[in-house]
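As written, the chains take the letters A, B, C and D, and residue 1 is the first residue of each chain.
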């Protein structure tokens, strides 16, 4: 699903954000991405959704090399990925419902099914009553949950979530995490960057840790590297 | 398509200020264009009125027989360039002089003036070249003493017409360019104001076309509305001038329609250029 | 103050596109204004040239004694409105007629024309009222047969001048209004584009004045630069017309300076209006 | 310092966000504000910094009633309050340094002292090397720390922080919290909204809990209401 080989990312003014990062996440896998602030977690996720391309090395997502990807191919790839951004990135001039629906509309989904799907997802994140509010009328945690609903709405094959529980209380965090587990159980691969070590410790999922741009720990490597070394068929 | 139209409506509803300003700017640009257009149109009409007076005068020798004159008039009428030939008696010449020069107010004896033929040319044959050509042909009649056609005057008339035309086209092009720049600017600002939204749309999988289309339609519609407003303003200005100062002519309905359509096309062009360039960078 | 200036510089550095566009828009608006100004200026000059030819002609009775004529000429010269009095003999009148009307080409006997006096008025006394007044006074001389002063012509001349003036002022005001609107728009857009920043500034304790001042200075400077650009463009257009079409006059340096300053003031005004209104809402 | 009496806040489209909330925070006090997502925490903080005014009831901050406060008085009040916003609200077109300096500049602080103070604070939040980066060149946690530095830079008498550690790892959280404790020890009152229950539990500071717009728990009330009832001199 995701394959980083010797990825280096250098930003114009601030220098190296990632240095020789190699790992892969298989189809249907669930992986935490941890590490201190500024380690490079968001940068890894941005490389996955082709918001950035690597300075050196290769990033492959669902088989396609992101570096030379034609501009027209990028939307097609993104439609199969659900993304929760660290800063939410909701469309300011659309209501919560419209924000969630938008992710379906761009894929050309049939219009009849959209409202039902949207309201189901908003209910699942606990925002059934806030559907017609604009982002600036929502609390921080509510905005975050709209972003989560948008990422899940079109049944992505890969979900990429950047600190999706940073503005949520414990109960809401458990609810959202249950959603991610459910969607993973249904076959979606999940890569989730988080600082919530409780969450990481309480679960047995794979943990990838970065620090200062380098991959410093990968629980899959620890238990024999099964996921990253054994299988060499493209994901 | 329904989705796109909804996007357009959404955009207008959300930034009514920016939308209104775009339309007003387009309208004013086209209005300036329209005013200059009216100026050129009316100068041209006025010049055509003056041009109708281009004429060649052939003075006849004393004692020419009336039959020769009639024959010559027939001949000359048959020239393809000639519209009309009139005979002017000494009395008619004096009457005209008395009307034009105050010194002749008290003169009543016309015998000192020669009779003459006045030749008017058809429209499209009043340029200095043709006039000179016809003059030379008339000069071949033996009883024609002298032919005058006001070389200087004809030339000056054409100069004025050409200068007015050139100035009109130059100013018109200038204003069209200004209009395109201002419209492009307005739309660029709309795009800039929405650049965060656009980048989010792309990040959740919208294609360039999906993002661009609402802007194009929006630009076209605003251009049309701006064009209509400009037409109204121009018509109003024309009405005011016509009713208070001097009689002027307005554009044909066809030209007016083309002008409004031109507004739409300018809006579309401005959108296309500025959205296209911006999308590459988002 | 140093802080404010730094803010202004920062603003320009950060949105070079928006800044450039503001300046260009202001420049084009003022350029349009300048073109109409030039038109009015030159029409006015041209009319003043024509006006110099306003003259009164007094036809003298046959057999008037040369002494009477000289005395009358002295008297009339002493009228405060009169610039010059000339005597025109029948020969001079005929020569003029031959130049103006083709029919007189072959006429050499001037005896049928009356002698006359030509009276030119001083500048500022060429309006229809004064002309009529002087005419009546001249009519009182017993040897003056008839006085003509082209009532129609003088009136028409003044009409044209008034119409051109009114049209010029109307169009000028229109363009000034358009300029203010467009500039206000541009600045409003700058403010809108920065509304998030402005609200943050206020939330961390910036006063309205602190937020507003950079915008005002910015608007004034952009207006000045726009004005200078417009002056350059207008000068260029004038140069092109002067060298290729007809001789035209340019604004005095004082007026040009006022125009540039006017640009600055328009920019300042646009900023003040749109920032003030917007701040109330942030 | 802060005094809410029977405060009601109704937003135009979404209805009641706060309902009859009464509490006070004294000079030099440290209080946590907790509660689930959408409870009204940010709304309380917005009322304190006069970003909003109450629909009914009174909010007094440092003695002034915020409701009728003349427009010109508001900046003066805000300059004495340090604010960390949940969504950071950094000026996008200024570097980290300039963002922090801005809060000093608006107070008319002498220019000579500014650079030294700014760089000391950036060092304290662990961003010494990121001073010349623009917000979009910073990671989520780095932006959050810039916001914290800006709130502290002009030695406020009151610090209001909305979820200031939501994007920080444990180590950075401890560092930032130590900073808040230090500034509180120096006499600044602190009101901090947070979901980090670990942090709340590990410390003995006062806890105010809201839920659905109502004050449901106040530890100061629990231990005899000393802070809120005994003293009635205006703060």
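Assorted remarks:
To be clear about the criterion, contacts are C-beta pairs under 8 Å (C-beta built on N, C-alpha and C of every residue); 3 or more make two chains touch, one makes a residue touch a chain.
None of these values were measured; they are calculated from a predicted model.
Steps from chain A to chain D, taking the shortest chain of touch contacts, total 1. Chain centres were defined as the mean of their Cα atoms; on that basis the chain farthest from chain B turns out to be D. Averaged C-alpha coordinates give centres for chain A and chain B that are 63 Å from one another.
Between chain B and chain D the centroid-to-centroid distance comes to 68 Å (mean Cα coordinates, whole Å). The centroid of the Cα atoms in chain B and the matching centroid in chain C are 24 Å apart. Shared contact sites, meaning residues of chain A that touch two or more other chains, are absent.
If the chains shown are joined wherever they touch, the resulting network closes on itself as one ring, and no chain has more or fewer than two partners.
Contacting chain pairs in the structure are A-B, A-D, B-C, C-D. For chain A in complex with chain B, the touching residues are 49, 51, 71-72, 74-76, 78-79, 83, 85, 89-94, 102-103, 105-107, 111, 150.
Taken in their complex, chain C has these residues touching chain D: 3, 10, 14, 196-197, 200-208, 210.
In the complex of the two chains, the chain D residues touching chain A come out as 11, 13-14, 34-38, 41-42, 86-87, 130, 132-133, 137-142, 144-145, 162-163, 166-172, 195, 197-198.
In the complex of the two chains, the chain B residues touching chain C come out as 17-18, 21, 24-25, 28, 32, 35, 57, 59, 93, 96-97, 100-107, 109, 112-114, 116, 145-146, 148, 150, 163, 166-167, 171, 175, 178, 181-182, 185, 188-189, 192-193, 241, 245-246.
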